[in-house]
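Structures given as structure tokens follow.
Okay, so chain A shows up in both of these, paired with chain B first and chain C after.
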Partner chain A sequence: MKKLTGRQKTKIKSAAFYVSLVGLPVLQFCIFYIGVNLNSILLAFKAYDMGAGEYVFYGLNNFTKVFRDFGTLAYLGSAIKNSLILYGVSILVALFSTFFSFYIYKKRLLGGLFRFILFLPHIVSALVFSLIFMYFTDEVIPFFADNLFHTAMEGLISNPKTQLGAVLFFTFWTGFSTQVLMFSSSMSGISDSVIEAGIMDGVTPLKEFFYIVVPMVWSTLCTFLVVGVATIFTAQMNLFSFFGTSAEYGVYTFGYYLYRAAKLAGVSDYPYLSATGLVLTAVAIPLSFLARFALGKVGPHAD
Partner chain B sequence: MKKLSKVLSVISVLILIGAAVSGCGRGSSATEKIDETKTQLYVAIFEGGTGDAWLKTLKAKFERAYADVSFENGKLGAQIIIDSSKNAGRTVLDYIAGDSNDVYFNEGISLNTFASQKYVLPLDDICDEPLSDGKTIRSKLSSDQITNLTALDGHIYGIPHYECYGGVNYDKDLFSSKRLYFAYDAENNGGEANEFIKKSSDARSCGPDGARGTEDDGLPSSLEEFYLLMEKMVEMSIVPFVWTGKTSTYTEYLLNAFYANWMGYEEFSENFTFSGNTEIISKATATTNGYTFETDRIDIQESNGYMLTKQTGRYYALELLHKIMTNPAYYYSKSTQITFSHLDAQEAFVYSRLDTKMQPIAMLIDGSWWENEASDPIARTIKAYGSDAENRNFGFMPLPVRVGGSVAEGGGKALTLFDHMGSYVIINANTKNTPKETLAKQFVKYAYTDENLQMFTTTSGTAKAVAYDLTAEQVSSLSPYSRSVWNLRNNPSVNIASANSPNEMFINEEVALKLAWSSVIRNQNYLSPYSAFRDSKTAYDVFGGIYELTLSGWSDYGEYFKA
Partner chain C sequence: MSTLSVKRKTNGKKTSALYTVLFCILLLYVISLVALLLWGIMTSLKLQEDFRVNKVGFPNPLVFDNFKTIWDNFMVARMINGVRREIYVEQMLVYTVLYTVGGAFFSTLAVLLTSYAVAKFNNIFSKIIYFIVITTMILPIVGAAPSEISLLRALGLYNTIYGSWIQKFNFLGLYFLVMHATFRGIPKEYWEAAYIDGAGKWRTLLSIILPLVKNVLFTIMLIKFIDLWNDYQTPLLYLPSYPTLAFGVYELSIATNQALSYIPVRLAGCMMLLIPILIVFFIFKNKIMGNISIGGIKE
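Entry: the complex of A and B
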């Protein structure tokens, strides 16, 4: 048997090392991404036969049901509306958070403290934080309203009229910090010489923000907005943390609808949910590309 | 340095693999030390209202009884390892194929789904083998149970475990001390008065079942009486109801309990069998006081199953809940708060009559397992209030069966309870052809001997959903509440409905066809009547909305009725 040379041994060792390091993630990717998604796509064309105990070909019937339900089930309309509101508000918050990030970036009064406070929700788990928020809005605020203003008030999460607003507020309060951290980190990468040159040219802080900082972080902002479009139909708005599977239809988002449906579904329901997922993906993909194209066209450029 | 980083990387990968593989193991609660000389049987249990004290007792008894029996070569005896978790049936379905628990006592189990996917073993053999009490498990099942259990392919894949009913629980001591029972009207054979007893010794009305000397004596037999009762409670500064605001599911317990009892076993069960004849509301005429209804009887089959949403009992159940929810004096102020859990509601109910800072609460909407679940607050009240808090008399309330007046003696309706739990014991198919299979089957057989069924009830306060009796001594050892429930379910005239059926459409579409209370009203969907009433919708709005929503999706089941 031919003896391996030192170079060959090194090559084999390197290959073995590479496989041991990359093998598991690749395997995981193949099973849990390619396999699961492929199975999900195929499932959309099947139905479960309880007697035979297997999925059988069902043609396009699941898609027919999905399109019919989009037209007839009012809560799906409400879910689309809430998902779009969620995205719309996220754009507003993104704009506001860039202002705020600029404030922190410029190290103005209490900027560091604000950064710390904003990061707090991320130290505590989302579920615990939503519980704290729920108790605060349902117990503490009514308590103060009663004792300070002698006004009987229902909890903001319990009251169907304020529920959506309260959950939206929570979502953006907790999401705001992520954006601020992201934008302020992106801003800190701006070369000091660029800023100094601007100051020497006599730009005001407002002009510095609009004509120097925003163009320099525009790609980060774009990424955030495009990813937001791609996740319009999967964003849950923390509804599961607040309500479990019992959220009212009035606050549904599409992400919550799908998650809840999958959690409660029987084997017969998975094909319908797969078809719904495919339809929504078919909508989200062109929307995301369109958003990316539009933002690339309309946005400011660093040069 | 380069070598070191490689070693560290490999170690990291191994740790990751280890962590991933360890996730495939059993639940963390199964921590008992393994006895290598015995064969282990892993028994998973849903840690709910019935607790696990009974299983611990069963484990000790079984291990003792089978200490000298070998289930595999080189080992003697069995070790039962209990894995308590909060995972109910639907969650278990997701992981049972890769789980190493052998036996599951659980609830919320869609048995046909487990069986169809070959996740569980058929249990026909142990159902027909004689138990140590000389009977068979099959002999302890009713004919309806056997029909439903074997509907998929003729085999039995699960044996009914516990039997629980959602509904109204009431404080009997409060009812007695405040004279909240209706009086027996001797002149009218008990059928007219609508008056309350004046002293504790007064004869009580017949109650909904129309028979004197039964559990429901003096309780409201009509909606009119129920409303009078709530008014009287408010006049006496008693809060009629408390329930959890965390989920609308509990208010649906009230709806289901009322609906089942109003329609009776046969007509209520049509919601799952889609076969029979039933009374529906065919026409409603608006009046200044609400609506007057015309009713009709129609035949039900798969093609018009949506008409069951027009059953009279469904409307009156909605009317009752609407009446309760639209007057804040009728319910505890926290009952609409999302932070007020079912455990909080139980605690408020238990404390209210003893705590002078609280108004007494007369009724709790919860399941028949609630007292076992509330053992902590009950123990605390005994510590705080002494003898006043001991041996509290709570009861499970049979609900009204007519709109106005009072049920006359002999003119009542046998109670129908709705067991909505879907609770079964199943054996994991992974045990097939292993020594565990024999052990698991032996253990299940052992759990269904009369002696151990009785032990289950005396320990948990809950009945098993099979036929067996308790001795007089055992009945008296139950808490007053458990005794009240036992006496109700053990009455020969009582019917116990469940969401099961041999109907092919129901078997295939079980999740979608579960008893629905969701509605669509003027293009707005409501998950439950609870939320619709909170949005100022009327009972009739919701009644119509449930019909509209059900009808809109009924064509999905067309394959079952298009010949």
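Entry: the complex of A and C
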């Protein structure tokens, strides 16, 4: 047998070390990402045979059912509407929040304290925040309406007429801090010399914001908007925290619908849900790329 | 626009109308965040009789009875292997520690191993792994939970703590990029010096490189720990027989038991989930807010 040279031995050792580092994580990826998604595709073409206790080929019937349900079921109609509202308003809130990021970035009065408090919605469980908000709006606001204005009032979350507005408000109220922190972090990467040059030219804070800072963080804003496209199909709007599995149809989002369905589903429901997921993914992927392409064409540039 | 410019000087910094408006709105916003949390804490210290007439004032008297009620009475009942089991708060705490510490450890370990390999070895596999990380961050996959549950069932990993650890042993996501950038930022001389001293590859990683990146690594683990501590939806879906504290708080919010249906009692349950994580945040606030910002790594 031919003896290995020193160089070959080193190569083999390096390869063994490389495999020992990435072997298990890559195996996990193959099972839990590739395997799960392949299984999802296969399930979408199957149905569960109760008698035999196994999945059997079902053709395109699950997809036919999904498309029919999108046109007829009220909660899927609400899910489309609410998910789009959520995305639309989140874009506006993101744009609005950049002003406040600028304030934190410029380290103005109490900027450090504000930054510290803005971390709270990341640290505190969304469930805890949602429940405190729900109990407050359902107990304290009607209590004051009764005592101060002698008006009987239902809680904002428990009243079907106000709950969508209240839940949307809560989502943006807590999400605002994330956006402020995200953009202020991005702004902290701007070179000091660029800002100093602007100051020496005598720019006002407003000009500094629009002509220096916004172009420099435009790519972060674009990334947020592109990634946000996926949230049209995944964001739950904290509905599960507020209502568990029993939210009113009028407040449904896709994210809530899918999570709730997965929570309540039995083995016979998995094929239909997988088909729903595939249909939504087939819409989400091109939409994300379209948003990326469109945002690349518009907006300011750092140069 | 010039009307919005320099008006006066405070503490050596020029103040404009823009900054004043932003300051006022931010102040109102942070007050609203803190006030709501304080209201929750105060209400959890009230008796139900007090809360009925005193919705926003200080507790009168200030009591910890609600916490005792939760500790003594709150439980999640589950059928395990055909036997009904009642899981109380102590047991939930054990499951929480197993789920959060184990999950944070394994997910950070996967990121560490893979990002180190990709940063250190410039080969085709590293390029593929990097491409996979970026692509999976852009590609929105929707509704894979039923498939994942069915796969976990088939592998015998569904509804097991070790199954949740294997699920978390995942290198995808933002922290891979953070660690990759950190490893790339370490000068080559460290590896060269280790090689000259005769250190093997594992020894170089464990004795030389890890101490250099321990702060970033610890921060990533801490953030993952906080996320997992607060996560109730994953255990609800994949660990139904092992209720964590967050899972328990969700169950508490829909509990029908009379003693647990009062708002001060339910808020006491919320505080049991909230207070430990607030303590962790206050202790490690500089690490959480400093080492890694949401937008990336800060040196």
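Note that the second predicted complex is superposed on the first by the 280 of 303 C-alpha atoms of A that agree within 3 Å, B and C clash if a C-alpha of one lies under 4 Å from a C-alpha of the other, contacts with A are read in each partner's own complex, and residues count from 1 in each chain.
Please note the rule applied: contacts are C-beta pairs under 8 Å (C-beta built on N, C-alpha and C of every residue); 3 or more make two chains touch, one makes a residue touch a chain.
None of these values were measured; they are calculated from a predicted model.
Q: Report clash or fit for the pair chain B and chain C bound to chain A in the combined superposed model.
A: clash
Q: Does the superposition put A:Glu154 against chain B (first), chain C (second), both, or neither?
A: Only chain B is touched by A:Glu154; chain C is not.
Q: Touching A:Phe116, do we find chain B (first), chain C (second), both, or neither?
A: A:Phe116 contacts chain C only, not chain B.
Q: Under the stated touch criterion, which partner chain does A:Ala74 make contact with: chain B (first), chain C (second), both, or neither?
A: first
Q: In this superposition, which partner touches a larger number of chain A residues, chain B or chain C?
A: Partner touching more chain A residues in the overlay: C.
Q: Let me test your reading of the model: by the given contact rule, A:Val26 touches which partner, first (chain B), second (chain C), both or neither?
A: second
Q: Quick check on the superposed pair: does A:Phe63 touch chain B, chain C, both, or neither? Answer first, second, both or neither.
A: neither
Q: In the superposed arrangement, which partner chain does A:Leu264 touch: chain B (first), chain C (second), both, or neither?
A: first
Q: Should A:Phe169 be classified as contacting the first partner (chain B), the second (chain C), both, or neither?
A: neither
Q: Does chain B (first) or chain C (second) touch A:Tyr211, or do both, or does neither?
A: A:Tyr211: touches no partner chain.
Q: Once chain A of both complexes is superposed, is A:Gly244 in touch with chain B (first), chain C (second), both, or neither?
A: It touches chain B and chain C both.
Q: Once both complexes are aligned on A, which of 5-13, 23-31, 41-49 or 77-85 in chain C overlaps with chain B?
A: Given the superposition on chain A, chain C and chain B clash at 77-85.
Q: Pick out the shared contact residues on chain A: the ones touching chain B in one complex and chain C in the other.
A: 17, 21, 24, 135, 139, 244, 263, 265, 267, 269.
Q: Name, in rising order, each residue of chain A that touches chain B in their complex.
A: The contact residues of chain A facing chain B are 17, 20-21, 24, 48, 50-51, 53, 65, 72-75, 78, 134-135, 138-139, 154-155, 157-158, 160, 242-244, 246-250, 263-269.
Q: Show me the residue ranges of chain C that touch chain A in the complex, using the header's touch definition.
A: Touching chain A: residues 1-2, 4-6, 10-11, 13, 16, 18-19, 22-23, 25-27, 29-30, 32-34, 36-37, 39-40, 43, 55-56, 110, 113-114, 116-118, 121, 123, 125, 129, 132, 136-151, 155, 166-167, 169-172, 201-202, 226, 229-230, 232-233, 236-237, 246, 249-250, 253-254, 263, 266-267, 270, 273-274, 277-278, 281, 285, 288-289, 293-296, 298 of chain C.
Q: Can you tell me which positions in chain B touch chain A when the two form their complex?
A: 6, 9-10, 13, 16-17, 90, 110, 112-113, 116-118, 152-153, 245-249, 336-339, 507-512, 520, 523-527, 531, 534-535, 552, 556
Q: In the complex of these two chains, what residues of chain A are touching chain C?
A: The touching residues are 13-14, 17-18, 21-22, 24-26, 28-29, 31-33, 35-37, 39-40, 43, 99-100, 102-103, 106, 108-110, 113-129, 131-133, 135-136, 139-140, 143-144, 173, 176-178, 181-183, 185-186, 188-189, 204-207, 209, 220, 226-227, 229-230, 233-234, 240-241, 244, 254, 258-259, 262-263, 265, 267, 269-270, 273-274, 276-278, 280-281, 284-285, 288, 292.
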